[in-house]
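One chain, subunit A, links the two complexes that follow: it is found with subunit B in the first and with subunit C in the second.
Coming up: the complex of A and B.
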């Protein structure tokens, strides 16, 4: 019995990983649908059936993301900062700085060679620094989230965004649409604004090479390119960046098994 | 207030209706003087038999009236306090004393005077530096304050009366320091939330009644067996005002005991004594300007020198915090501030550097002085405690 489960209940999607050692055996993602407890239970069932395992095969589980109590299975509650750090460390042991772009916020984590959190900073309660800003802009431009990145990369002339507030950013984007600015230039402008915000956060905790990205933001090639340009470096990009915290939670489950 | 309750149960009772005792005393003819922040010298009020009553906000009450008279992008604590005033919650005050603590505080003072028009209102324009000319200027300000108080009460305020009040307040301060000694053992004998409630309670009572309550709490806490549970992390909390318990309770739930503070419903308000000087106003001026440790006052390690060494400057401003950390065996420091508090915000980078230099883990959180807005801070506190424990 050496399987461990990590569950990351996000505001938009819930992610789960069954790990053997620090390697993911099975993973699964569902929409959180405003019922986080149900999402955690469902992802566990889904993971078990995909992995063809029984509940008894899972030695322990850690849950991160939304703060949950009273689940039907024993679990350890861990912060998403710690889980993200462990997850990145298992994939990229050389990473010392992590940019974790989530739906509701962005965090910068400094990690040591063992994946322990040395320091961290989280963007303040404001959608402008998070994936939510990209969702809002995708909605204004009537494009799918997954098309944001490829479209942004085509831009030759990114728009300068004067605001770092998502609500004003939305109306600014609407004005640019009305003026006939190409969608790719608006997107590239938004990506640049996000990258600048991330760079400011990094200044607050300090930077050490190398730098990895995680969270749903890591799926957006437009954002990645903007960050790389802003910081003047090449990011370490996981194959499935959105699953990093769930993988880290599975590792935390191993560490914290009672 | 019931006759029977004592100690911590009396504290609970007072906190559930904080103005209760003041209103009772008002019915008996005593004048109640509201004060904002910790800078008005309370001794001058107590000496004239006025009850100093600390004006606080309420982080559980939505701000609905104040936004018509103050911008929304300023200190939410000031907005909350004004909101309560506009809703009539401070109507029992006979007068109000403000001090120039920060820019927003100053403007809120004038808004308060305009909209609430108390029978007595005095604004003390306290200097923001600590050198001798500033101290002299502050003494002059206190003389003006003395004049308006004498005219309002129709009583003379003599040096003897002031000295007596200074002694009474110093006695209360020494009791608060004793209360804080009870936070030194591991686990502490009194919790962070209980300390805030006790201090909040005594800030609504006449000084001698407050001291009596402190004695009861100290003796009760010293004897009880089922006090505070052991928690693996011991925190010091620094920053802008915390006048309610949700933030502290969150830290306790996540596995930390808050064993020390540097906040103004806390050690900042009570630790320094007033020295008795031939002219008592000079002793008062020195204590409130030089000894109080709020970042509203600009303190330089060396005055008049043109070159500054960063670390020496940081040490002279913040070494008391590492002294606290040693004495109270603190394992981490939470720097917290209400949003838009510039005086605390400016202090954070320097204080962070200082804490790094003495090897104390720290984190910074910002909140909107609203109980419902604290939830997103939970994972940050959790992550910080994990760092300390690992």
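Coming up: the complex of A and C.
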């Protein structure tokens, strides 16, 4: 068996995994810093040095996330959906529905027992359906992204947002802050709004148990709780949800090696 | 004796007051901020309109409140929806109007008008894209003043295509375009095109027929007017003060109510009113 590399170039961070079979051997995350090509090159170097491997040790690489061409190494361009499905399947073979919440988009994927995509829907045209909405509100509340989840869990009275637009939602959050509403209630309100959006997306592709979460959204316990309440189920949560697509890309690299 | 009527249009961003005589002459018109948190400034705009017309509040025979903040206006005799007031106001300015598009600070409406009456409408108040807010957010990103956008876009030679619908994503997109060295005027022209695509696309659900009139604060932006004209392929008329059509319509509807009551010998349906702050905003 040889090593395969998966790279997931996201809008905010770039994630990489070196896999041996379907198991992650090494992983690494860096900021994309708006230069996606450079991020892809840097993550590769970082992964190789962490794994103490040479470029020649990597049998093949798949790159997903941002659409890139002309990298310095041979690679397969893989779709977000396929990578995410394979990644989740390798961790949770029992998962049939995946909620993938990323920085700028959310996708719901129906997968079969082999990790093949049965059906999917992507919401990428509206910031209110993605992690971006949370980023905007966290900025209004002046809190760090990683504090969103723990704070939201403390909420007793989630705020009801009357809008489903991130721009209008930002104004609403500012008004609530001015009225003295606790931060945790505002955050829990955003989580609830996102969970409702996710629920309507699921209605479009259908649902089959069990359901897993992936992407950066899977790091947010407040969002997870809101989704579980909205859907009335318990989610399968990977240890490192943000790396699922990169792991999946490494698996796709094995499948697509020329 | 002259009778006076006032239309008060409390929008999300601006409050507009028009005082009109029974002869249909506009005695004063004032546009002022609605006020950020509690929308408490509407009464001041009303007071200023009274001052300019050299009238006192009790001299106004009837006050119609309209717009987003029309509910619970302590100085109004009645509340009429902004759609009805807009249709009335636009038809008074352009009697042949069949399609009216109003792009406000936080919403956009398409109105179908027949013989001066509203017969159908479409509206977006769910998404910032396609409203004045889109330009507000993106102008801030570009470091430009809203009122300068029209003049700036007039210089554009290679309009950029803004592919994001969402205001937030468009904001990111324009930052990328600028970093690629695209000229600011080409980006601004692209933004005007984007808002026109969105609003005209929405209005097409009504089947756009001339005469077409564009109103609302965004109609003051000549770049947007030009872009809307391109999409519609008809002449697009803009009133001299495109923000006032709702308030004008409100004043006219107030006059109709009073004159109607007088004609039938009924009492004028006035309310106990006082020129106080609009404290509760729904």
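Observations
Everything below uses one rule, namely that the second predicted complex is superposed on the first by the 256 of 258 C-alpha atoms of A that agree within 3 Å, B and C clash if a C-alpha of one lies under 4 Å from a C-alpha of the other, contacts with A are read in each partner's own complex, and residues count from 1 in each chain.
The rule is simple: a residue touches a chain if its C-beta (ideal position, glycine included) is under 8 Å from a C-beta of that chain, and two chains touch if they have at least 3 such contacts.
In this text, all values refer to a predicted model and were calculated from it rather than measured experimentally.
Partners subunit B and subunit C, once the complexes are superposed on subunit A, run into each other and clash.
Within the superposed three-chain model, A:167 lies in touch with subunit C and out of touch with subunit B [touch as defined at top]. Legend: residue contacts after superposition of the two complexes on their common chain; A:175 is shown touching subunit C, with no touch to subunit B. Of the two partner chains, subunit B is the only one touched by A:81; subunit C is not. Contact with subunit B, but none with subunit C, is seen for A:116 once the two complexes are overlaid on the shared chain.
In the superposed model, A:184 makes contact with neither subunit B nor subunit C.
In the superposition on chain A, A:242 makes contact with neither subunit B nor subunit C.
Once chain A of one complex is fitted onto chain A of the other, the partner contacts of A:136 are limited to subunit C, with no touch recorded for subunit B. Touch criterion not met for A:8: it reaches neither subunit B nor subunit C. Overlaying the two complexes on chain A leaves one subunit B stretch of 111-119, 147-155 or 381-389 clashing with subunit C, which is 111-119. Comparing which residues of subunit A touch subunit B with which touch subunit C, the overlap comprises 125.
Residue ranges of subunit A in contact with subunit C, taken from their complex: 34, 104, 125-128, 132, 136, 163-168, 175, 178. Listing the residues of subunit C that touch subunit A in their complex gives 37, 106, 126-128, 133, 137, 164-169, 176, 179.
Note for the complex: subunit A touches subunit B at residues 67, 77-82, 105, 116-122, 124-125.
The residues of subunit B lying in touch with subunit A in their complex are 363-364, 366, 373, 375-376, 378-380, 382-383, 386-387, 390.
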